[in-house]
Amino acid sequence: MNAPGLVLIFAVAVLYSTGFYLLLQRSLMRVVFGIVILGHAANLSLMLTDHAITLPPLLTGKDGPISDPLPQAMALTAIVITFGVTTFLLALAYRVWLGDDNDEVPADLEDRRIGRLSEPEDSS
Amino acid sequence: MTAGDIATAVLLPLGAAFAFTGTVGLVRFPTLLGRVHAATKPDTVALVLVLAGAAFQLPDPRVAAWLGLAALFQFLTAPVLAQTFGRVAYSRGEISTGHLITDELADAVERSREDDDGDGG
Amino acid sequence: MLLPAILALHAAVAALLPLLADRFGARIFLLAGLPPAAAAVWALANASGILSGAPVTAGIAWAPALKIGLDFRVDGLSLAMTLLVSGVGAIIFGYCAAYFRADERGLGRLAAIMVLFAGSMLGVVTTDNLFALYVFWELTSITSFLLVGHEDHKEQARRAATQALVTTTGTGLLMLIGFIMLGTAAGDYSISGLVADPPEGGPWLTGALVLVLVGAFAKSAQVPLHFWLPAAMVAPTPVSAYLHAAAMVKGGVYLVARLAPGFAEAGVWQALVLSVGLATMIVGGWRALRQDDLKLLLAYGTVSQLGFLTLLGGAGTQVAATAMIGTLIAHGLFKSALFLSVGVIDHETGSRSISRLSGLGRRMPLLAAVATLAAASMAGLPPLIGFAAKEAALEAFVPGAAPSPPPVAAGAMLAGVALASVLTFAYSARFVWGAFAVKPTVAENRAGAPSPLFAAAPVVLAALSLVLGIAPALVDHLAQGYAHALPAGHKPYHLALWHGLTPTLLLTVLVVAAGVALFLKRRAVGRLQNAMPRWPDAEYGYHLFLHGVYTVALSVTRRSQSGSLPVYLGIILATILALPGVRLVAGLITGGIAVPGPEDGLRIWDSPLELLVATVIVVTSIATVREHRRFPSLILLNVVGFGTAGLFVLHGAPDLALTLVLVETLTTIILVFVLRRLPTTFSVRPDGWGKRLTVLLCTAAGSFIALALWLMTAARSGDPVSTGYADRAGEAGGTNLVNMILADFRALDTLGEVVVLVTAAVAVSSLVLLNRRDRVVDESSAEPAVPAPGNAGGTGEDPGPPGTGALALPVHTAGAEAVGGEPAERDPRRGPESDAADADAEAPEAPEAPEAPDESEGPAGGRRGDSEQGEDSDDER
Amino acid sequence: MNTLLAVPVLVPLLGAAASLLMRRAPRLQQGVAVAALTAVVVDTVLLLRVTADGSVITSQAGAWEAPLGVTVVADPLSSLMLAVSAVVLLVVQLFAIGQDIAGLSRAMPQVFHPIYLVLTAGVCLCFLAGDLFNLFVGFEIMLTASYALITQAPTRARVRASMIYTVVSLTSSILFLTGIALIYGLTGTVNLADIAVKLGGAPEELRMVLALLFLVVFGIKAALVPMHFWLPDSYPVAITRISAIFAALLTKVAVYAIIRSQTLLFGRDDISAVLLCVAIATMLVGIFGALVQDDINRLMSFALVSHIGFMIFGLGLNSVAGLAAVVVYLVHHIVVQANLFLVNGLIRQYAGHSSLRAMRGLNTVSPVMSFYFFIPAMSLAGLPPLSGFVAKAALFQAGVGVGGWLVYTALAAGVATSLLTVMAVFRIWVRGFWGTPMPDMVEARERLKRGSHLAGLRFMAAMTGVMVAIGLVVAGAAGPLSEIAFIAGHDLMNGTAYIEAVLGEGAAR
Amino acid sequence: MSAPSDAGAEPGRPVRRQLLGRLVMAVWLTLMWVILWGDASPGTVVAGAGVAAGCYYAARLPHLPVRLRFRPLRIVLLIGHIAVDMLVSSVRVAFHALWRPAQMRGAIVAVPMRTDSDLLLVMVSAGLSLITGSLVIELNREEGVLYVHGTPVSSERSVRHLRRQVRRTEERFVRAFGTQRDIDEFEREEQELLRADEENSEEETR
Amino acid sequence: MNPLDYAYTVTFVLLGAAVLLTLYRLVRGPSVMDRLVCLNAVSVLLVTFIAVEVALRGDHAYIGLVITFALLGFIGSLTAARFAERRAHDRG
C-alpha cells in the first residue's frame, strides 16, 4: 500500500483550498498567487502517488527503494509549463495596470449591460 | 563510530543549536535590527558547521570541495544580505529608535539635509 | 433518372438567374419558368404510365449509413401534385414577367428563390424518403421566408417572414422527430414502404403521428397554427399566389393524403385530422367574411379550403380521396386565378381594399368575368370543377356511404362541410362584389384595362377551371389513381357534374340558398362579427411564445452570465463538488469505496519531518490567503514554495526541488517587477456570507481532491509502469532516471514543454515590449475610415488627409488611433464604459444608434399597395 | 516514429521556428507558414485514407515500447478531426494573410504566424496523443499559443477578455494535472490504452469519480454548462481570425478529449445520465444566451456553447449511432463555426463593429457576403440540405433509437434548441442583413471598392467562400462521412482495436 | 538622506574599470554556475553567462575594481579573527536571545575609515556584517565613513568598544589585502587620527 | 541507536524548532522587513536541512542542491529587499 501519510494529505488539502481561495479573488495578482499554490498542490499530488521516504531515482547501486521517476518527470514538465503561463499572466497584469492602474479583473461589460436589462430588447 | 562520525555528531547539533538560538532571537528581540542580526548571522555559522559535519560523512575530496564552496558562498552572501536588510530597514524607518543608544547616521542625515537646504536657500 | 435532373435544373437555373438579372430585367421570369414547365411537361408525358399503376422511381444515394437518400417515387397523388405545383407555377412565372418592373431591386434574387422554391416543392411531392421529404419541406420554408421578406425594408415583411419561418421550422422539427420515430419503428425511411406496411399501433405510433400531423397542420395553416398565412400576404402578389394558393400550403395536405392510406385507421389520426380540418374550414370561412383587403379575404379563404382538404385527405376513404384530388386541383386553379386578378387590380388601381374599389367591373370586363368564373368555382357552382369536387366531398360524408368514419361522426362532418360551403359561397360572392361592383358610397376607380400578357395568366387558370369542370373525367382519372389505394366504399364514385338527383345535390341547393342569404345580410353579419369577442387566437399565442422565450432567455442569461471571473471559477469548483465530489462521498457512504485501515497502510506520517514541512506549508499558505498586502503575501508565497521544495527533497526528488526553487525565484523576480507598479494592498472586500461561502467552497473542493488522492493511491494494486525504466536505463546509457525520462523516454513531452516556454516568451514580449501604451490599437478589422455608427450622421466630411486616402492607415500618425480606432471599442454599447485612459484607442462615446425608421415607404411602395396591409380591418362601409 | 503521425506535430513546429526567424521578410514568412500547413493538410488527408477503414495506427515517439515511451495514435476519429482541423486552419490562415495584405489588421503578422503554427501543432498533438500526460502537454501547447493569440492587438477589452480566458484555462490545466495525479495514483500509468486496461481492476466507484472529474476538466475547456461562462466573454473579443479558430477548434479539441476519455478510459461505466443532463443544460442555456445578445460574435459564441451540448447529447446516448452522430456533428460544426466567424470578420469591414443595434441592410451592401452568411447560418440552424441537418438527423435518429425518458427530454431540448437557433441566427439575418442599409456601411463599401484594400479584401472574401464550399462539400459527402463516423463510433464503443494497436494482441483481454 | 551606495555609475570613474569590475564578477558567477552543474560544456558556460547577466540585471550587483594584494599569513589571521568573532558574538547574542531579549539595545555609530580603497571598504563592511552584533547599515564612500549598527550595546563604553572593533577589523583587512599604497595611506591616516584623538583628549583634560 | 543517530535526532529537532520559530515571526510580522528576514532565514534553514540530509544519506545527489538553493535564496531575498527599498523611496 502506498497511500501517503495523513499529514501530507492534509497539507495537500490546505494547498488546494488556499489556492482555490486566492483564485477566486478579484486581484489578478492574488489569482497568480493562487495558481502558483495550486501548481505546488498538483505537483505534490503527483509526488504523493509514490512511497514517501525513498532514495532519489538514481542508479547508483545503493540499496533501498528508489522513488518513482515518472511522477517526478511529469511534475518537472508541469512546473516549467506552469511557470511559462504564469509569466504570461503577469505580463497581462502589467498590461492591465497600463490601462487601469490596477490589476483587478473587471466584470464583462456586455454581460453587465444585459444584466441590467429588465425586458427583452426585441421579441420580434 | 569513527572519528569522522564523532566530528559529525558534534558539529551537526552544534550548528543546529546556533540556528535555533538565532531564531529564538528572531522571535524575541524587540527591535527589527536586532532581529536582522539574529536571523542572518547565527544561521551562517550554523550552516557552515553543518556543512563541515556533513563533509566528515562523505570523505571524498570532491564532495569536500563542493561543501567548501557552499560555505564560501554563504560567507559571501550573508553579509551582503544582512547589510541590505539593515539599510532597507533603516531607510523604511521601520527600526525602533527607542532602543538605540545613539544614532549617528540620523545625525549625518540631518546634517546633509541642512546642507541641502542651505544650498537651496 | 430524369426527375432528379429536372430538380437539378431548378437549382442550376436559380444559380444563373442573379447573374442575368441586370441584362434581362423582368423577363428573366420567363427563363425562371422553364424548370417548372419542364417538370409539368415531364409529368404529363409520364401521366398515362403512372396512372396505369406503374410509378416512376429514381434514387440518389446521399448518406446511406444514416438512411438519408434522395429517393423519388411518382404515383397518382404525386402526379396530381406535380401538375399543380409545376403547371400552375409555370403560369405564374409568366405572369411575373409582366407584373414586375424591370428596375425593381433584387429581381434576379427573387426569381432565383422562386425557382428554388418551385424545385423544393417538386421535391416534396415526389420524394419517397422521409428525410428527403423533410429536406425539401424545410427548403420550402426557407425559400418562402426569403420570398415573404423580399421587401425587406418593410418592418411588416420582416415580421411576417420571421413568423412564418419560426412556425414552420419549429413544427417541422417536431415532424422530423415524428418521421424518425416512424422510420425507427418501421426500420425503413421509405414512405411507400411505410404506408404499405405500417408499424404496429400503440403509444409510440400515436406520438409519431401527432408529431407528423403537427408539422403538416402548421404547413397547411390549420387552426390554430393558421395565423402565419394571412400575415405572409405582405409578399408580392404573384408570390402569394404561388406559395399560398398553389404550392407551399398544399404541402401539409399532401403529407396527410400521402400517409392516409397507411394510418387513417389509427384512432388519433381520424380524431385529429377530422376535428382540426373541420375547425379550420369554419374558422377560415368565418374570418374571410369580414376582410376588407381582397388579398386577406383570399388568404382566409385559403385557410378554410385547406381545412377542407385536410379533412378530405385524412378521412381515408375512396370517395373522400377522390374529392380531395378534385378540390386540390380546383383550389389551385381558382385561387391562383383570384390572387392574380387581385394582383392586376392592385397593379392598376393601387388598392386592394373593398372599401376603396368601385366600378371595376365596367373598366375591366374581361378580368371581372375571369374572376367571377374562378369565384364560382370556389363557391362550388356548376359547371365548374369546384362544383364537381364539392359534390364529391358532400358525398364522402353522407352517413353510411363509406365504412368510416362512423355514421354519427360522418353526420357531424357533413353538417360542418355544408356550413363551410355556405360560408365559402358567401365570401366568394363578397369577393366578386367587393372587387368589381359599383358601390354607391365609393368613388369609382379610374383604371385602364391590363395588358393582354398580364391578364393571360388568370384567364388561362379560370378557363382551366371551366374546362375541367365540363370534362371532370380528366381530373377524375388522376383522382382514381390515388383513391384506389384506399378502402373502397359501397360503390365506386367518380367526379362528374351530374350524378342524378342525389341527397348531395339537394344539399348543394340548400347551401347556395343559404349562401345567398348570408351575402345579402352582409351588414348584419359584419355587426355580428364585431359584436363577437375576439377569442385568443394562435397569433396571440405566437407572440406570447416569443415574449416568453425572450423573457426566459434574458432571465437565464442575466442570472448565469454575471461577467465576473471569481463567480465563474466558483461555479467550476461547485461543479467539481457536485459531480465527482458527491460521487466520492456517495461511494464512501455506500461502502463502494474502501477506506484504508491501519493494515492497508493507514498512517499519520512516514517521517516526523513531514509534519514539520506540512506545518510550514499549511501555516504559510493560510497566511498568504489572510494577507492583504501584496509584498508580504509574495514573501509568504515564497515560503510555501520552499516548504514544497523541502518535501520534494524529503521524498527523494532533488531535481524537482531544484527546478521548483529555481522557478520560484524567477517568479519572485518577475512578480517584484510587476508588483512595483501596483498598489500596496489588495482591495479588501468586507467579510460576510459571500466570503464565508467562498471559504467553505474552496475548503470542500480542496478536501475532496486530497481525499480522492488518498483513496486512489491506496487503491492501486501492482507496480507502476515506471519500474520498467530502471531496466532500460542501461540501454539508454544514463543513471538519473528523471533526466532520462525527460531527455529520452518521454522526450516528446519535453519538446512540448520547450515549445510552451518559447511561446509564452514570445507572448510576453509581444505584450510587454512591443505594444507600449501608446500603441494600444485594434486590428482595424473594421475598415478604418468608416466612422463610428453613432457619429455617422455628422461625418460626411473628409475622412482623412487628402491624397493618402482614408484607408492608408499606416500612414496616419496622430489621427490613426482616432480614425482607425477599433470597432469593438467604437461599438456603441461600449461607449459609456470607456474611460479616459484609453481615449486614444477608444473613440469617444457613440450615442445609442436608434433603430431608425427603416420602413422607407416611398411612393414606390404604393404601387402594389402592400403597405396598407393590415390585419382584420373590421370596418366595412 | 511513423512519418504520417509525426508530420502534423513536427512540421508546424519547424515552420513556427522558421517563420519566427523570418519575421523581417513577411512574404517569405507567409510562404513558409502556408507551406507548413499545406503539408499538414496533405498528411492528415493521407492519414484519414489509411485509417478510414477502422484501422488504428500507432507509433512510439523515441521508439520505447508502449507504456514506457510516449504513444502517438491515429484512429478514424482522430484522423478525421485532424484532417478537418488542418483544412480549416489553412483556410483561416489564408484569410488572415488576405487581411494582412489588405492592411486591415493590426495583429502583428511577425508574431501571428509562428504562434498560429504552434497552435496547429498543439491541436494536432491533442488529437494524436495516446498518452494522458502527452495530451496535457498538447493542451498546454495549444493553450499557450491561444493565450498569445487572444492578446494580439491588445486593447483593454482584449486584455480583460484574455484575463478571463487565461485564468479559466489555467484552472482547467491545474485540474487536469490533478486528474493525472489521481489516475497515476490509481493505475500507475499514463498511457491511455494501459490506463484503460488497468482501470478494469480498479473499484467501480473510484472509476466513476475519475470519469466525472475528467468530464469537468475537459468540460471547462469545452464550455459545458455550467462551466461555459468564460467563453462568450472571451472569444468574441479576439480578432476575427483568432476567434474563428478558437470557436471552430479549441472547444472541439476538448470535446474530443471528453469523447476519448469517456469511451476508452471510462467506457465500462455509464455516466450517461450526467452527460444527458449536462447536454440539456448546455443546449438550452447556451441558446438562451444567444437569443438576448446584441453582438454577432457574442451571439455566435453562445450558439457555440449551445451546440457543444448537442455533441455531449450524442456521447450521452452511449451507443454506436450516438457516437457516430457526434463525429458528424464535430466535423460539421468545425467548418460552420469557422465560416460564420470569418463572415463576421467581413461584416466588420463594412459595419466597423458587430453590434446588431447599429447594423442594417448588409444584404444590399454586399450580396455575396450575405450569401456567405446565409449558407452557414442555415447549416448551424440545422436546416437542410446542409451539413447541420445531416448531423442533427444522425443525432436525433440515434436518440430515438436509444429511448428512455431522459433521452426523450434531451431530444425535446434538442428540438427546442434547434428552433431557438433558427430564431437566433435569423435574428442576425433579419436585423443585420435586411432593412435599408446604414449610410456609413454604404460609404464603407464605396471606400473599400476604391481603396488599396480591394485585392486583399477580395482574397478574404474568396477564402470565406472556400469555407462555404467546404461546408457544402461536408454536406455533399455526408455518405462517406457518416460511414467513417459509424466506423469511428464502433471503434470507440469497443476500444479493443485501440488497446491492441497500442499494447499488442491480447492486451485488451 | 544620502543615496544608498548603489551601483549607479559615479561620475569620474573610468568606464574601463567599471567594465573590468563587472567582467570579473560575471566570470565569477559563470564559474560558480559551471561548478554547480559539474561539467564545462559550452552549453553550460553559455547558460552560466546568461544567469550571470540575469543576476546583474536583477540585483544590480556592485562592480568592483580589482586592486588587491594577497598576504597569506595575514589572510589566515584575518579569517581566524573573524571566525572567533563570529562564534563569540553569536554566543553573546544567543545568550541575550535566551535570557533577556527585551533589554537588548543597540547603537548606530559612524566610523571614519582610514583607507580610500572602495574595494577594501566593501570587504571591511562585509566582514563586519558577517559577525553577529555588528552590521553596516550605510557606507558613505565619498567621505569614507561606515555607519555600523552594533548590538548588544548598552553603554558609552560598549559604543567605544564597537568603534575599536570596527577599526581593528579595518586594519586587518587592509593588512591582508591592501596594496602597499593602501597600507601607506592607511598608516598616514591613522597617525592623523591618533593625533586628533590626542588633541581631543587634551582639550577634554584641560 | 548509536550516538550519531542521537546527533541527527537532536539536529533535526533543533532545526525543526528553528523553522517553527521562524514561521512564527514570518506570520506575525509585523513589518515587511521582518518577513523578508524570515524568508531568508527559511531558505538558509532549508539549505541547512539539505546539508544534514547529505550527511545522513551520504548521498551526492543533494550536494548540488545545497549550493543552488543558497544561490537562489540569496538572489530571491536580495531582489525582494531591493524592491522593498524602492517601495520606500516611491512612498517617500
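Some notes on this structure:
All chains are identified by letter, namely A, B, C, D, E and F, in their written order; residue positions are counted from 1 within each chain.
In this section, contacts are C-beta pairs under 8 Å (C-beta built on N, C-alpha and C of every residue); 3 or more make two chains touch, one makes a residue touch a chain.
What you see is a predicted model; the values in this text were computed from it and never measured.
Without chain F, the rest of the assembly breaks into the touching groups A, C, D | B, E.
With contact taken as defined at the outset, chain B and chain C are each touched by F. For this structure, the chains sharing the highest number of C-beta contacts are C-D. Averaging Cα atoms per chain gives one point for each, and the point farthest from that of chain C is the centre of E. Work out the mean CA point of chain A and of chain B, and you get 34 Å between them.
The distance from the centre of chain A to the centre of chain D, with each centre set as the mean of the Cα atoms, comes to 25 Å. Between the Cα centres of chain B and chain F there is a gap of 12 Å.
Chain C and chain E have centres, each the mean of its CA atoms, that are 84 Å apart.
Shared interface positions of chain C, i.e. residues touching 2 or more other chains, are given as 158, 162, 549-550, 553-554, 557, 561-563, 565, 569, 634, 650, 654, 669, 675, 705, 709, 711, 713, 716, 720-722, 725, 746, 749, 752-753, 756, 759-760, 763, 767, 776, 829-830, 837-838. Shared interface positions of chain D, i.e. residues touching 2 or more other chains, are given as 133, 137, 140, 144, 147-148, 151, 154, 156-157, 163-164, 167, 171, 178, 181-182, 184-185, 188, 232-233, 292, 294-295, 430. The multi-chain contact residues of chain A, meaning those touching 2 or more other chains, are 16, 19, 23, 31, 41, 43, 45, 48-49, 55-56, 58, 60, 70, 74, 77, 81, 84-85, 88, 92, 95, 99-100, 105, 108-111, 114, 117, 120, 122, 124. The part of chain A that touches chain F in the complex is made up of residues 55-56, 58, 60, 62.
Those residues of chain D lying in contact with chain A across their complex are 133, 136-137, 140, 143-144, 147-148, 151, 154, 156-157, 159-164, 166-167, 170-171, 173-174, 177-178, 180-182, 184-185, 188, 190, 232-233, 292-295, 298, 427, 430-431. The touching residues of chain F, counted against chain C in their complex, run 12, 16, 19-20, 23, 26-27, 29, 32, 35-36, 38-39, 42-43, 46, 49-50, 53, 61-62, 64-65, 68-69, 72-73, 75-76, 79-80, 82-84, 86-87, 90. On the side of chain F, the complex with chain B involves touching residues 2-4, 6-8, 10-15, 17-19, 21-22, 24-25, 31-34, 36-38, 40-41, 44-45, 47-48, 51-52, 54-56, 58, 60, 63-64, 66-67, 70-71, 74, 77-78, 81-82, 84-85, 87-89.
Across the complex, chain A is touched by residues 57, 59-62 of chain F.
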